[in-house]
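Note that the chains are named A, B, C and D in the order they appear, and that numbering of residues resets to 1 at the start of each chain.
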Amino acid sequence: MGLFFAAVAVAACGGTYPQSALDPSSDFAGRLDGLFMQIFWWAVGVFVLVEGVLLYTVFRWREDPARGRPPEVHGHVLMEIGWTVIPALILVAIAIPTIRTIFLVDRPTADPDALVVEVTGRQWWWEFTYPELGITTANEMHIPLGRTVDLRLRSADVIHSFWVPRLGGKRDVVPGRENQLWFRPDSVGVFWGQCAEYCGTAHALMGLRVLVDAPADFEAWVTTNRSNAARPADSEARAGQGVFMANACVSCHEIRGTGARGQLGPDLTHVGSRLTIGAGLLDNNLENLIRWIDSTQVVKPGTLMPEVDLTESQIQQLAAYLLGLR
Amino acid sequence: MTQEAGHTHPSSRFYVVIALTLAVLTAMEVMVFYVEALAPVLVPVLLVLMSVKFALVAMFFMHLRFDNKLLTGVFVWGLFIAIGIILILMAIFGKLAG
Amino acid sequence: MGPTSTGIGNRKLGMWTFIGSECMLFGTLIATFLIYRGRNVVGPYPRELLNIPFITVTTFVLLMSSLMMVLALAAVQRDDMRGAKIWLFMTGFLGLIFLGGQVFEFNHFVHEGLPLSRNLFSSTFFVLTGTHGAHVAGGALWMGTMFTHAAQGKLDSNHSETVEIAGLYWHFVDVVWIVLFTLIYLLE
Amino acid sequence: MATSEADVGGRAAGEHKQGLYSGGLWSWLTTVDHKRIGVLYFVTGLVFMLVAGLEAQAIRLQLARPEQRLLDPEFYNQLFTMHGTTMVFFAGMPLIIAFFNFIVPLQIGARDVAFPRLNAFSYWLLLFSGLFLYSSFFFGGAPDGGWFAYTPLTNRQYSPGMGMDFYVLALLLSGIGSIAGGVNFLVTIVNMRAPGMKFMRLPLFTWMALLVSILILLSFPPFTIGLVFMFFDRSFGTHFYDAAAGADPVLWQHLFWVFGHPEVYILVLPAFGVVSDVIPTFSRKPLFGYPVVVFSGILIAFLGFGVWVHHMFAVGLGPIVNAVFGGATMLVAIPTGIKIFNWIATMWGGQLRFKPAMLFAIGLLGIFTIGGLSGVMHASPPADLQQTDTYFVVAHFHYVLIGGTVFGLFAGFYYWFPKATGKMLNEGLGKAHFWLTLIAMNLTFFPIHFSGLLGQPRRTFTYAEGLGLDTFNLISTIGAFLFTLAFVPLIWNLWYAWRRGRPAGPNPWDAPTIEWTTSSPPPHYNFAVIPRVDRRDPLWHPHIKPGLGWAGEAEPGGVFPRVQPDDAPEPIVMPNPSYWPLVMALGLSLATIGGLGSLPLVFTGVALALLGLFGWAFEPAEGGH
């Protein structure tokens, strides 16, 4: 059991776990972690006590004919009261901070200055819309450091659960409901998250990233993302745009400033500037884009994006075009 | 309703009286429903009348009034948990607030 | 197997236990009906369809069937087999009239544009009252069987517990309808 | 049901000499003997457990390393759905009911259960529903919506295949059997106790069986209705879980967990009962605080109906609902703790004999405590926001269900095996089984506490390499293989007992309860003379302790007779075998298959079931003529 404490100690301060619930980086996640740690140490205390008494009892009272038959004991009222009342007190000690935290984290944020982001869970990717900023993007949510974000969670199909452990706890994304989740990040960085409610075939591959930017960087990102898509820079990218517009791609994806207005799949206006593709699945580079377009169903089995019948060079051009949409 | 508890079963006449009471209560329920003036108290009045009818059938037609208390226990516990869960679910879905 | 520890017959206790369990069954159906009340997004709506005078009559019929049932039990206990036959028959018969009313009502609703799959009201209403109707149908079959037995002279006061148990079931189904009548039709 | 259930045929005791395990296939198909039905349940449950264990093995293999593609995700999703569904409904519950069947009538001094044919009917429904569920693998794929089958994922729109239809229908069918079993055991325990066996003299296992019967009766109906709604939504286009029609898909979660949480106690309380019987026997001390242990069991069962929302803290039901259910959930820890402390107090000052049954009982105390403590962690709704639907929760409930249910059942298995077969198991093999299981269990499930807290969600067929969770998962997979290996000594032991087991005699453990007064295995009628009881632990009175001497003045009483005579002094009336339960179960099963879309099959099945029902009801009440 020493392993237990050692591992927890390592886990709690190690930084190699990008999706750890034990390494909070927002006020919200910090509250959850603080409460968890409080309960955890109570549990450790009880664990040591109970297992200690159990082991002692087992060794102390192993069979020994010299002791003769044990006296017949049927109970002891004071002891019964004791081990009813003491655990009850411990539970009260846990319940008080629990209830305080519940009324904080289960209510909408009181911050009037919060940045509202509408999050829509879809099989199997995330859509983020910033109503104040007029931006729609997918799978990667940029937010500014030091400002509370107020997420409005909706589902377009089945139940998902939005989970970015270092920033906030899970909150389900339920069709027919709008849920809220808020947090104020306290450091800059890339935070991993993924869907935490089983939502079908590709549930395991429904990841997301939250990028907490310094305020100036966030402003720059906003400016870029409000603008229409960049024009293809070279002939290959131009050819790629042609491929995109001439094939099924346009019916599902939107690229603002072009004829592509599809609404079923992620908005690709600035797809080239994203870190990952396929909902947090692959690093966003030319090689991976080609793989993704070429064998979508192998890379992400079950995904609703079909494999469009394209030649190798068409895929090459398409990938170049998409990567240029920065 | 002054029938003595005991192992002797009540007379047929008694059952007829209960049935008539049930019929009258049902008529009252429907009447309450149609009288506009009673609209504000419609819900409590109907629930009370319903409960009385329920109790009459359970106590006399189903003999709980005269039978082993264990049977009442078996029934009432099921009923109690069922009502509890109905109420909790309605509260969660916001149906008790009005 | 001889006397039981509590003095209650096994089958009677079993029936009561089953009834306790049925409370949860109908409780869940009722909870769902109440939760979904007023959440329809398309019509027809309950107010447009529910026919209270009609259902009051069938409710009265079902209540009277319960009276027939207790009278049947009392007759069996007195060894009055002629009476028992009449009352058992009447119980089942009134049950069937109630069922007929329900069939008529369902049919009417479907004709008014409310098939099962129409909306939330149709889903909850048909499944809730349909489950109750299925219970009535089962009870009527049971009454018919006992009536046949009585007619063949196979039923006597030694079997009064059998009739009593059938009666418990029948009254329970009646009690459920008392609740449904108020909750579905009057508290709409 | 219209005629007497007292389907008896008067026979002299000598005619009941047929052995428990002899007789041809027909005698097993028509049996109404609670002991034989118990054996059938046990074997069925064990086979399903092995199958579901292999499914878990495949799951762990797929997760051994990150980003593996050994199994394709659709098959993986079927595997975890079937693993959960099987373990709960077709392994856990049957094994528990197996013990109820074999042990409860013996512990209360009855010759059979209250409704022997209903008992057989329950078993056949269980068997057929399990086979039906597994047949889905051959008809387009097993259910893949998770054992919890959350809507709207399981609506026709998002699960167009037949898999979820199999799930719905199989569980409806087995649910009928479960409710019938609940009625049966409740009536048996309330009504069939031997003279003097008052409620507060019942062995704890029987007490827990009574509570579990009540839980089954009150928790299965909501689930049944939830399944009926799902069936109607999928087959007839109703809108119970259709958000577009104004419904709330979360309703299913409520109905599921209104059942699902009591179900956890259905699985765990019997294990507590076993331990409460095993620990006193192998400590040579009566249970400490008997009434307290009983009432804490009652409290757990009662609270079980008021805590279901703790499975739904992330749904967004608001602070008040979460606070109320979080508080209620924490309350459960109190009676559970009371039980643990009373068991330890029972051992305190005793003469502990570490037989395999006792080892598993002590193991339960140690392991279940861990599961209980992690349970308190997610009883706190805010903490649960990080833990729910991660491997932390998977670790938690495996500590509860393996540390609780499985350890308890193994304790019961080693404890009552001599009673059931008349043969002793090998102690060394039993101990090897225990230690292997203990180590493997911890190796498998301890590391995934961490992988959960560090960000691994449940029900995912793979995880990103970048998450840094490789080591935890690899250890867990190694543990899972060891776990499978741990079954080897068990199987070997069965073979050993069959070939070379020593005869057990009526009471090999010097146990105090009355199932040990009759021969091992018991005769068809259990007791040649119905015992009379005048206290708890009657066989320990007066205090004759071979090898330990007299501990006090000899008191008269306890139980009479202390050892059952070989022959019954009076003719014993036992229920006749019957094939009608089988016919009726077959009818309902056919109707269930028809529920997949064949109306004629439904009608055929219902007709056959009615035939079975009438045959059953009108079987000659007296078998003698």
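Definition applied: a residue touches a chain if its C-beta (ideal position, glycine included) is under 8 Å from a C-beta of that chain, and two chains touch if they have at least 3 such contacts.
As the structure is a prediction and not an experimental result, all values here were calculated from the model.
Listed by label, the chains touching chain A and chain C alike are D.
Nearest to the common centre of all protein CA atoms is the CA centroid of chain D.
Distance from the chain B centre to the chain D centre is 37 Å, each centre being the mean of its Cα atoms.
Chain centres here are Cα means. That of chain C falls 34 Å from that of chain D. The distance from the centre of chain B to the centre of chain C, each centre being the mean of the chain's C-alpha atoms, comes to 15 Å. For chain B, residues touching at least two other chains, in rising order: 70, 77-78, 81-82, 85, 89, 93. Counting partners per residue, chain C has 6, 8, 13, 17, 20-22, 24, 27-28, 35 as the residues that reach two or more other chains. In chain A, no residue touches at least two other chains. Those chain pairs judged to touch are A-D, B-C, B-D, C-D. Within the complex, the chain D residues that touch chain A are 72-74, 77, 146, 150, 152-153, 158, 243-244, 247-250, 283-286, 288-292, 314-316, 318-319, 322-323, 326-327, 330-331, 333-334, 337-338, 340-342, 344-345, 347-354, 362, 365-366, 369-370, 373-374, 376-377, 380-390, 446, 450, 453-464, 466-469, 543, 545, 547-552.
Residues 9, 11-12, 15-16, 18-19, 22-23, 26, 29-30, 32-33, 42-43, 46-47, 49-50, 53-54, 57-58, 60-63, 67-68, 70-71, 74-75, 77-79, 81-83, 85-86, 89-90, 93, 95 of chain B are the ones that touch chain C when the two sit in their complex. If you check the complex, the residues on chain C that touch chain B are 6-8, 12-13, 16-17, 19-24, 26-28, 30-31, 34-35, 37, 52-53, 56, 59-60, 63-64, 66-67, 69-71, 74, 77, 164, 167-168, 171-172, 174-175, 178-179, 181-183, 186-187.
The part of chain C that touches chain D in the complex is made up of residues 1, 4-6, 8, 10-11, 13-14, 17-18, 20-22, 24-25, 27-29, 32, 35-36, 39-42, 116-117, 119-120, 122-124, 127, 131, 142, 145-146, 149, 159, 162, 165-166.
Here chain D touches chain C in the complex through residues 1-6, 8, 111-112, 114-115, 179, 182-184, 186-187, 190-193, 197, 217-222, 224-226, 228-229, 232, 236-240, 244-248, 251, 255, 258, 573, 614, 617, going by the rule given at the top.
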